[in-house]
Structure formats: structure tokens, C-alpha cells
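Heads up, the next two complexes both have subunit A, just with different partners, subunit B and then subunit C.
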Partner chain A sequence: MRIDRTALADLATGAAFLGSGGGGDPYYSQLLGEAELARVDSFEVVPLDSLADDALVVPCGWIGAPTVSVEKLPSGREALAGLRRLEQEIGRPIDAVLPIEIGGGNGLAPLVSAARLGVPVVDADGMGRAFPESQMAIFNIHGLSACPSVLTAACGSLNVIETDDNLTHERVARGLSVALGGIAHMVEYPLSGRQAKDHAIGGSVSAAIAAGAAIRLARASGDDPFEALYAALRASGLYPFAGEIFDGKIVDLERETRGGFSVGRVVIESFGGGDRMDLEFQNENLIARRNGEVVAMVPDLITVMDRETADSITTERLKYGQRVKIVGAAAPAMLREAQALKFVGPAAFGFGDAYRPIEELNGWTQA
Partner chain B sequence: MRIDRTALADLATGAAFLGSGGGGDPYYSQLLGEAELARVDSFEVVPLDSLADDALVVPCGWIGAPTVSVEKLPSGREALAGLRRLEQEIGRPIDAVLPIEIGGGNGLAPLVSAARLGVPVVDADGMGRAFPESQMAIFNIHGLSACPSVLTAACGSLNVIETDDNLTHERVARGLSVALGGIAHMVEYPLSGRQAKDHAIGGSVSAAIAAGAAIRLARASGDDPFEALYAALRASGLYPFAGEIFDGKIVDLERETRGGFSVGRVVIESFGGGDRMDLEFQNENLIARRNGEVVAMVPDLITVMDRETADSITTERLKYGQRVKIVGAAAPAMLREAQALKFVGPAAFGFGDAYRPIEELNGWTQA
Partner chain C sequence: MVRIGVDVGGTNTDAVLMDGAAIVAWTKQPTTADVSSGVAAAIRAVLSQGALAPAAVQAVMIGTTHFTNALVERTRLDQVGVLRLASPSGEALPPLTGWPDELKHCIGDHAFLLPGGYEVDGREIAPFDAGKVRAAVKELRTRGIRSIAISSAFAPINASMEEQAGAIVRADYPDAVITVSNAIGRIGFIERENAAILNAALTSLAANVVASFEQALAQIGIAAPLYISQNDGTLISAAQAAAFPVLTMGSGPTNSMRGAAFLTGVTDAIVMDVGGTTTDIGVLANGFPRESSIAVDIGGVRTNFRMPDILAIGLGGGTRVHLDPSLYAAGELAAEALEVGPDSVGYRIAQDALLFGGSTLTSSDVAVAAGRAAFGDRAGLPEFSPAVLGTVWNRFQAILEEGVDRMKTTRGDATILAVGGGSFLIADTLKGAAQVIRPPHAAVANAVGAAIAQVGAQAEQIVAYDQVPRATAIEKMREEVTARAVAAGGDPASVQIVEVDEVFLSYLPGRAAQLRVRAVADLAGLTVQAPREAPKKTLVRHAH
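== the complex of A and B ==
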């Protein structure tokens, strides 16, 4: 599959939704992608099953607070420097790159990195959405090591990290991202082709493109972009349920940048004023309560979207007064397994509620 | 020169004084050194001028808040793991190790690291005392790069750091030390033998041993250990002036662990109650004011010592009510050059006062 300017824009739209509020605003990644498309004709995306078992396949993306990423520009050399250094660490060239998370800007950023390195991007990612912490990747859930990883920053700093466990790795990388100004590029969880095929969440790049295209085409033809999005998500096979969980206006917002994250809560009131939704987020939206009752929780997707344009609004872009729809979607099946819920379920974020699937909480049945 | 158990104890005593309150309490390093002496017969220390020009010579030591180091024990594998990794980075074996700073525990710690690696320690260091930040090393002052450096922590984390400049390197290493629990081992400023000979502060290990021996012998013979210390410092050639700048009791103490440092101030009152001394510290004692007038300032040495035993008291060991003498000493000449004062003079620590030598402030003339 080749990604041209239109597909890039669709990927940005789709990744913004799949980010569940996080992963960084895709707009900058899209601009950087467009600039790169002036140099290369298109970006190459290959299916997971095309990888040789002994290939070296490397997830990458940005780590840090999205609130910082909208103000502090990258130097443009971070990703390539990190990938080259990982090749040096492992002693062989990288064969393909994949997004560590499909959500937000991180769903697009590897396209440019891969083009610079001269390798394709794999149609897969490590989270099936966006999550705030590195150990929430499916590769950690399945017991693979994040190391050696390479963290690079705009100031030219390059750090090779080796830790015994992935939780320490996250703590080290987070500390570094804070020390280096709040945002850094990370190459982590180096995989063999076999490991990528066994563990990555396949098809997520094309699912994001399809979701974005559905919104674009519905807008052009005057159809409802939300319904088009839900249909595209369900059709992808990765996100079998999707739908609106609230409609209203943002009436309260608390947000701070703390410990390298953008953390807070937002309250949305229905237009009649009778109902309210409370969302809590740590980079990503984590839990949604309607009139005090939980209606969606991690790892299921919760995205705030502009109710007129169907643009996804990342947590750092939330503003008082925005008129929004809150859209939920079922997480990919791999993220709902018991082992996965330990790392990406409500308890992993400090919530007392046991995980319940979004379709059950909302009484959705397969369309 | 071979370091046996007695010389190790003398080095601990001398390094504690040269630490100017910082560098970490030498007691733990001494215990670790004694344990190592059960395995090796003695530690080998070689003079700077014995190094081949093309030797690989590596400064190392601990980075972090001394307040943490007294509570959190090392795993014991940090230093060797870091040195081995640096060899791998540079692609050749290390020929000798030196203390990044002679002050405090860091003056002793490299003895054990070197013995494990099977190489000698050089009779030299990078600070001629202890300083709180990595870019305060003479190697940075003289324009050498701290990188590649390797930072290792008790949890098993290993980090190779490469930065364009040494100030960013300090920021990254500090952020890492905080993320890894407040204390970590660092191998930095890898040098050729030629560079070590041109830039290191030679003779500081033997000066520390001589200072410690002087105190030990004076105690044994009933002489004044303070006068013995001053004489030994002057005789070393590195610290040409030394003497008492205050005598009294600690009546006030503020200390907090902030940004990876132990930061605070201490007030000492004379026994008659008529005079007071104010000391400010960031790991190390930085400036001493007697009745409001500056009487000693960085890079000159300021150490709080027990007035009965002549034990040096590091800043994390200061307590209300301690009866102390405040002892000052002239810094090695290399630290007083204009280029050095930019990095280790009062302005580098945020003080408005211009640097004035301790002998001038106190009207000391050469003995």
C-alpha cells in the first residue's frame, strides 16, 4: 500500500480518533508528512505477514506530554538519529518500522522516519490506540523487552537505555523526557519479524486510514460523518463496536502538566442541561461517567469530537464551551484479555471499577 | 602506591574534608573498600605521569543527592557494569580509572571499581574537591566532552548518554538519577592518557591520604588534629592555605532534597553568642558569611568539622546542636583561573558576590 497526500490526511483523521484524546495532535505529524512527500513520491506500508521471520522491526514514536508537543518543535533529526543508533546497538540494519501506537501524531510520525531510513512502515502498531505509558504496549503485555531502546531529543541528546524490566524502562524514559524538555523520540521494543507477526496489532494503520476516509467522504457527500466513522470502525474488524455516548457542551475543565503527563478532567453537559458526562484523562481519556454511571473505560476508546465537523479533539486541545460528541469504541480483542487488562484496564490507572466492555455498558448489539 | 586498610581509612578521612560537605558520606565507600580488601591485597594507585599518552582513562563516581545515598544501598554491580559498557562503546579496554571528584565517598569509590576491573586508580581527580554538578569538572572547564557517558542504577538500569554539550549532559544525567531513585553511578569524560595528564588535578588522592593520616597521627599523639590537617593541606601543594574560619554550635538548619540535590542553609553561633556564621549549601558548602560578611566562597573549600574529633560532617549529616569548627582551605590553582570561575565560582551558583580568595578574605599569609 502506498500513502499519498490524501491517504496521509485520512490517516491523520483516523489516528486522531484512535488516539482517544492522546498520542499527540496529528496535525504537526501531517505537516511533516506532507513536507516529506515533496521529497519521496509516497510512503510505503506493508502488511505484517510480508515480514521475514528474521527481519529487524522497530516500533517508534514520541514520548512526553502532548501539551508540550504543541509548543516545542522537534529538531527533525531525532527519529533518524535514534533509529541509526539502534542499528548500531543491535549490529544490523532495520528492515521496517511501525508506530508504537496508532493513536494521534504517533500513528503518522513513523512514516517520515521510515522514509528517511529507506524502509517501509508495517500496517500494525503496539497499542491499537494510544496509551500514556510505554509498558502499556502489547509487546510488554506479551512479555517482550523494551530494551535496548534509544531516546533522542531536540537538543541533540541521545540515550541508550537498558533495564531489567519494562516498568523501570518507562520510569527512566519518562524522567529523561522531562529532563529533556517534556518531549522526546523513542525507539523501543526491537522485534524480530516473527515477534512482530505474533504480537503486534495488525491492520491498525489501514483501519485508521479507512476511518479517516469515511469521515472525509461523508463530509463531501453531506452524509453524517459520525455514522460513517462507526461503520468504518466496525468494518475494520479491530473495533467491533462504536457509537455516541454523549452529546453536549464542555462546561468545566481541569488540566495540568504533571510528571511528564497532561492530566485532568472535563465535564460535558447536555444541551437540555439535564445530563452530564465526566471524563478523566492522563494524556488519553480513561473513563467516562454519565450522570455518575460508568459508560466507557480503558482500554475501550473514548474520544471527544467536534459535533459539527467530526474533528477529534485531543486532551490538550479541550476548551471550555466546545460543543462536542463523545464517541466510544470497543478496543481490539488483544487488549481485553485478562493479561492485558492488568496493564491497560481501569485498575492500571488507579480506578476501582472492574473492567466492563463498552458494548455491555451501553447495550450495543452488533449492527 | 598501594592502599591498605590504614591508607583507605586515611583516604576516607581526607576525602571527607575535601568534599566540602558533599561527595557523599565516605563511610559506606570505606566499608565497601574494606570488604574488597578481603579479596585483593591492596589497591593500586599510580601517578598521572605514568600513563601512556594513548591510554584510556575514565573518571567515575556517584551522582545524586547525598541524603538519598545514606538510605538507599547500591546493588554493588553499578560501577563495573558502567565501566564494561563504556569499554564496549569505545571499543577498547580501560587502562585506568580516576575519581571524578576527590571529595567524599566519590574519592574512594573508584578504588573498588578499579579493583573489580583489574586496573589501577590514578592519583588525580576531576574537581580537586567535590562539586554538585557534572559540568563543574575541570574536564568541562577545559573544553572536553563528558560523552559518551554511562549511567547505571541499583535497579539494573543502564543508560548510555550522548549530548552535544556538557550542560545538557548534566541535565539528562540529573533527570535520570532522579527517575532511578535519587542516586546512580556515572562513568563520564573518557580521556586519553595525554588528556588526563594535561587536565586532571594531579596528586589529589595522595593529598587526601596525607590529610587523613595527619589527623589520625595527631589524635594518636594528643596533638591538635586541626593544626595537623592545615599543615598537611599546605604541604600537599594543592591547598596552599587552610585554617579555621569559625567555632561554635549549630543553632539553625534548613535542608531539603530538591531537583536531585540536597539544598539548604545552616547557622552556627559562637559559644559566647556574639558571632554567627551562615553557610549555604547545594550538596556542598558554597558560601560562608561571618556576621553577614563573606569569609569563604566557592571554589574554596568550606567544611564543617566536629570540634572535638575533627571528623568532617557532610551536609546531609548536619544536625541542630552539633558543636563544630568551620574550616576553610584554598582551592587548587586550576579552579581559581578565570575560565574555571565561570563554572565553579560564586556566580555559577547564583551568588552576586565576586570571587575573592579565602586567604585574602581572612588575612592569611603563607605559613
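== the complex of A and C ==
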């Protein structure tokens, strides 16, 4: 599969939705991708099963607070410097890269790095959405090591991270990202082709493109872009349930950059008042309560969208007064397994509520 | 209060004379190349119809699409020098990234990526380098680039580097005109820098246009203050508009929608403003124009201004109807034989349309031939068969219906408010419309919107939430801006909080945040939502 300008825009739209509010606004990654398309005519994406067992496959993306990423923009040298250094550490060239998370700008970020490196991007990712912390990747859940890992920043700082466990890796990387201004590029979880095939969430890049294309085509033909999105998500097989969980206007928003994350909450009131929804976020939207009752919780996806255009609004772009729909979707099955929920379920974020699937909470019966 | 609202469009300059809620007089005049004589002619016309002396006018409010048109047409723009203080951060996305090529070409290649900017925690990304700023300013001076935009990372948290660079420009290049990004935008670097560059590009034009407005008033002998409409329906002074033209760019749709709401008393509807080239379709919700939630493109450039969500479709009074003259009297018309627009004769309608002795078939010609409007000289029209007229007319309606459908957000038929000089193109039975309302003075709804401008109030404060609980702090500021809006003449019942913006300043102790709250209100007596008094008997004469 080749990604041209149109597919890049679709990927940006789809990744913004799959980010569940996080992963950073894809706009900047899209601009960088467009600039790169002046140099190469398209980006190459290969299916997960095409990888050789002994290939070196590297997930990468940006770590930090999305609220910082909209002000402190990349120098453009971060990703390639990190990938090259990882090649030195491992002592062999990289064969392919993949997004550590498909959600937000990170779903697009590897395209340019891959083109610069002269390798393809794999149609897969490590989270099936976006999560705030590195150890929430499926590779950690399945027991693979994040290291060696390389973290680079706009100022030119380059840091090779070697730790015994992945939680320490996240803490070190987070600390570095804060020290370096709140946003940095990270290359982590170097994989063999075999490991990638066994553990990565396959098909997520093409699912994001399909979701974006569905919204674009529905807008062009005057159809409901939300219905088109739900249909595309279901058709992907990765996100079997999707639907609206609230409709209203943002009446309060509290958002700050703390500990290397964008954290806060947003309150949406229904038109005409009466009902309200509370969303809490740490980079990503984590839990949605309607009139105090939980209606969606991590790892299921919760995305705030413009109620007219179906543009996804990432947490750093939320504003008082926006008129929005809150859309939820079932997370990929791999993230709902008992082992995964230890790392990405509500308890991992300090919520007392036990995980319940979004389709159950909302009485959605039709897949 | 006696005031004059003026709308300066690309084709027409409209004016209304209002006393309180009553429209005393109105006019539609051609826009002139020098702008000022058209404005003066329109104001003179309403003063004479209203039999009012210039000295009796208490305020003049002007809304203009001049700056938007300049951007869309890529004309009359200044080249811009950009001093960006953020390097090494952001070098991957230099200024003008993502701009349309033609516009980029107009702005020129005069960007300097300089060290500087702040981190989110207040540290410097790189120290300010006065020597490098001086060298860049010297270079801009050599190139003769007078309009300068200055941007810096996290300037909304700390504007100091932008101000330092501005001071160097003022000292070394006194002729230069400076736009600093922190004066027009909030968090979101690219969008804020884009807005600063757009503003700088409009510097000369804004100075000229505002000066020509002032000149027009001086010619007539009006000493009352001059205000310019901004995006959110409130006013700014002429001097502010000259310095920040970018803040007025969304005022056209805002004025037409608010004007339509005022003229009809309807607060929830779809507004269709039919001009010479396009029909702008917007949505009124609770008397306010519906805004787009996220980034707004102006002339193809991404900004984060809040503006009405508008769909512009290519059908207006001057839209060309492409149809072979041999088919004018045909018994039936194949769909592919007919094309409507999107090209338009625009302001040349008074010469080019068949109705005015020209040789181009326009939508206006068809509307008059079909008996949907009466103006111009019918004798200039050829014989059309009823089948042909019906087919063309139905095509117009299909184009409009599609636009309505795209803007509709709820199922069911909507109320349509038809305004603008070309609103005769909208049929009474539009698919998707429960009813089509054509208010009196529909042709000058824009100028009415300018005349009923809202008052705005804003408060900004740094609050340490460790000392004052957040909810208390926000509530206090809401009350404060509400009181200010009322003090400025706003109707207490109409006050709306339109912005609550909170930026945490993590480099200050005590969970400090910079809190900004903004309110707008209708002027007392002009509230759209409340039932209005029926307009008093007015002295209206139709001027052409």
C-alpha cells in the first residue's frame, strides 16, 4: 500500500479519532508528511505478515504532553538521529518502522522517518489507539523489553536508555522528556520481525485510513459522517462497536501540563441543560461519566468530536463553548484481555471502577 | 441612539440609518475603487432619506469584507518579514508551511528562524540573541520589507522575547509596522504565527481602508466615533482595526446572520445570504451564529480564530448560466446541456447581464424572465420556453437545497431566513425548509448587523488556585465581565460568556493560571431573543 496526499489526510483524520483525545494533534505531522511528499511521491506501507522473521522492526513516536507539542515544534532532526543511534546500538540496519501508537500525530510520525531512512512503515502499531505511558504498549503487556531505547529532543540532546524493566524505562524517559522541555522523540521496543508478527496490533494503519476516508466521503456526499465512521470502525474488525455517548456544549475545561502529561477534565452539558458528561483525561480521555454514571472507560476509546464536521478534537485543542459529540468505540480485543487490563484498564489509571466494556455499559447489541 | 451601519462588500456598499431598534432609512450603492466615495455616497443617501443632519449621528459602524477579499484574491497584500524566536525548535515547520503557494508567493521569502522562545515551564528554549535580531532587521530594511510579524514559542505564557524583538525593530527600523503574535492569538504556535503573518500582510491595506472610512466621514461632516465590526459581532475602534485587521475578517457572515435574526425575530434558523457571486449559508442557534469548533481556514491558511461556521456555495445574483442560445426556447432541456456557475460576472453585473444590455446570461436574467424578480430591462431578455426557465430555476433550487442539507444538523425542516441582494433566487418552497422568511430590508441585513453590534467585555487575571479555589475564581470573573458588559450598555438578559481560557503558568508557585474570560451582550433595546416592538413607521425609499 502507498500513502499519497489524500491517504495521508485520511490517516490524519482517522488517527485523530483513534487517539481517544491523545497522541497529539495530527495536523503538524500531516504538514511534515506533506512536505516530505514533495521529495518522495508516496510512503510505503507493508502488511505485518510480510516481515521476515529476522527483520529489525522499530516502533517510534513522540513522548510528552500534547499541550506542549502545539507550541514547541520539532527541529526535524530528532527522529532520524534516534533511529540511526539505535542501529549503532544494535549493530545492524533497521528494516521497517511502525507507530508506537496509531492514535493522534504519532500515527503519522513514522512515515517521514521511514522515508528518510529508506524503509517501509508496517501496517500495525503498539497500542491500537493512544495511551499516555510507554509501558502501556502491547509489547510490554506481552513481556518484551523496551530497551535499548533512544530519546532525542529538539535541542539536539540524545539519550540511550537501558533499564532492566519497562516501568523504569517509562519513568526515566518521562523524566528526560520533562527535563528537555516536555516533548521528545522516542525509539523503543526494538522487535524482530517474528515478535512484531506475534504481538503488534496489525491492520491499525489501514483501519485509521479507512475511518478517515469514510468521514471524508460522507462529508462530500452529504451523508452523516458519524454513521460513516461507525461503519468503517466496525468493518475494520479491530473496533467492533462504536457510537455516540453524548451531545452538547463544553461548559468547563480544566487542563494543565503536569509531570510530563496534559491532565485535566472537561464538562459537557446537553443542549437545553439537564444532562452532563464529565471526562477525565491524562493526555487521552480515560473515563466518561453521564450524570455520574460511567458510560465508557479505558481502554475503550472516548473521543470528543465537532458535532457538525466530525473532526476529532484532541485534548490540547478543547475550548470552552465548543459544540461537540462524544463518541466511544470498543478497544481492540487484545487490549481487553485480563493481562492487558492490568496495564491499560481503569485501575492502571487509579480509577476504582472495574472495567466494563462500552457495549455493555451502553446496551449496544449490534456489532 | 442614532447610528449608521455600513457594509462595504466587493460589489455593493450598503448603509442603514437606525434610531434605537427602528430602521429609518437604507440604501445600496456600488462599491467604488477608492472605497471612500462609495461609503460617503451611501451615508449621504441615508442621511438625506432620513432628513437628518450629519451632526445628529452618534456613531458609525462599518463592517467590511475588504480584508477577506484581498486575501482570497491575493491582491493588495504586503510582503512580510517574519522573525520567529523558537530555534532550534520548530525548524522542521518554517513559517508559511501549509500555506497555498500563491499566497506564499505574495508574502515572500523573508522568514528568519532565530534562537529563542520559552519552554512550558518558563525556561528559555535558547537565549534571546539581540545581535541576530538586529542583523535580520537590517536585512529586512535593505529588502524594503516594512511589515514585520514576530512570533515566539509560548509567547502567551511569556511575551518578553517578542517585546524585546519589537523594541529592536522600532529602534532600528522606525518605518516598520510590527505585529507580535501574543497580541492576536493564544496557545497553538502555527495558528498564532499564521494569524500574525496574515495581519502583517494586511498592514498597508488596513491603514488605507480605515483612513478612507475616516475621510468619508470627514467629507460629510460626521464627527461621531467610527467603529469597525469584528468577528464576534462586537466593535473595535478604527485605530484598533487598522492595527489588527485580521480580527475583522469574519465580521461579514456574523453581521449578516445577526442582521437576519434581528429583522425577523427568529433565533434558530438557517440564514442564506445571497450575494453577487456566492450564497453564504450559516446557522443561527439561540440568536448566535454557530461557530466552527476547531481551526478555521482564512484564505486557505489555518488559524484558531472563532468564527461563524459558513458554507459558501457558488450561486449568486451574478452567477453565469451556461446554456447554448439555440436552446433558450427548447421544448425540453437535457441535464447536461445546462451548467450553472460557478463563475460570476460579479460587480460587472450592471454592464454584463442581459437585463442591463450586456451579453452574458446570468442567474438574475433567468429569475426576472421567470417572473421571480423585477428589475433591469426585460426587453433585453430573449424568448425562453417555460420548460427551459423551469429547468434552470429548478437547478438553482437544487444547488441551494444541497447547501441547506449540508449545514443542517437536525432532521426535519428548518426555517430559512433569506437575505442579501440576490435572495430572490431562493424559492418559497425549498426542499428541507419548513418556511422561507424574507424580512423587510433583507437586502441590507449585513449593514443592519453592523448597526446592532454587540458590546464585549473581557477580563484577564493571574490566579493562584492554592489561595482561591478555581471554581470561585472563575465564577468571580464571570460575574465581573458580565457586570462590565452591562456597564458598557449590554442588555443583562443577553449576556453570554463566550470564552473561558485558562493557561497554567507552571513556573509560578501555587498552581497559578492565567485566566481570561470574555462576554458579549446585545445593546440594551436591541436584543434579538426578546420580542421586539414592531418597527415604527419608517421613511424608506428604495435607492439604486
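Convention: the second predicted complex is superposed on the first by the 366 of 367 C-alpha atoms of A that agree within 3 Å, B and C clash if a C-alpha of one lies under 4 Å from a C-alpha of the other, contacts with A are read in each partner's own complex, and residues count from 1 in each chain.
Criterion: a contact is a pair of C-beta atoms (placed from the backbone, for glycine too) under 8 Å apart; a residue touches a chain by one contact, two chains touch by 3 or more.
This structure is a prediction, so every number in the text was calculated from the model and none was measured.
Residue contacts after overlaying the shared chain place A:270 against neither subunit B nor subunit C. Once chain A of one complex is fitted onto chain A of the other, the partner contacts of A:145 are absent, as it touches neither subunit B nor subunit C. In the superposition on chain A, A:35 makes contact with subunit C only, not with subunit B. Legend: residue contacts after superposition of the two complexes on their common chain; A:321 is shown touching subunit C, with no touch to subunit B. Of the two partner chains, both subunit B and subunit C are touched by A:156. Between subunit B and subunit C, it is C that contacts the larger number of residues in subunit A. By the touch criterion defined above, A:362 lies against neither subunit B nor subunit C after alignment on the C-alpha atoms of chain A. In the superposition on chain A, A:256 makes contact with subunit C only, while subunit B stays out of contact range.
Contacts of A:168 after superposition: subunit B is touched, whereas subunit C is not reached. On subunit A, the surface touched by subunit B in one complex and the surface touched by subunit C in the other have residues 155-156 in common. Looking at the complex, you find that subunit B touches subunit A at residues 155-165, 168-169, 171-172, 174-176, 178-180.
Chain contact summary for the complex, subunit A toward subunit C: residues 27-28, 31-32, 34-35, 65, 67-68, 70-77, 154-156, 181-182, 222, 252-258, 306-309, 311, 313, 316-317, 319-324. Across the interface of their complex, subunit A is touched by residues 86-93, 97-98, 117, 119-121, 123, 125-126, 153-154, 187-190, 290-295, 302, 306, 309, 402, 405-406, 409, 470, 474, 497-502, 504, 506, 513 of subunit C.
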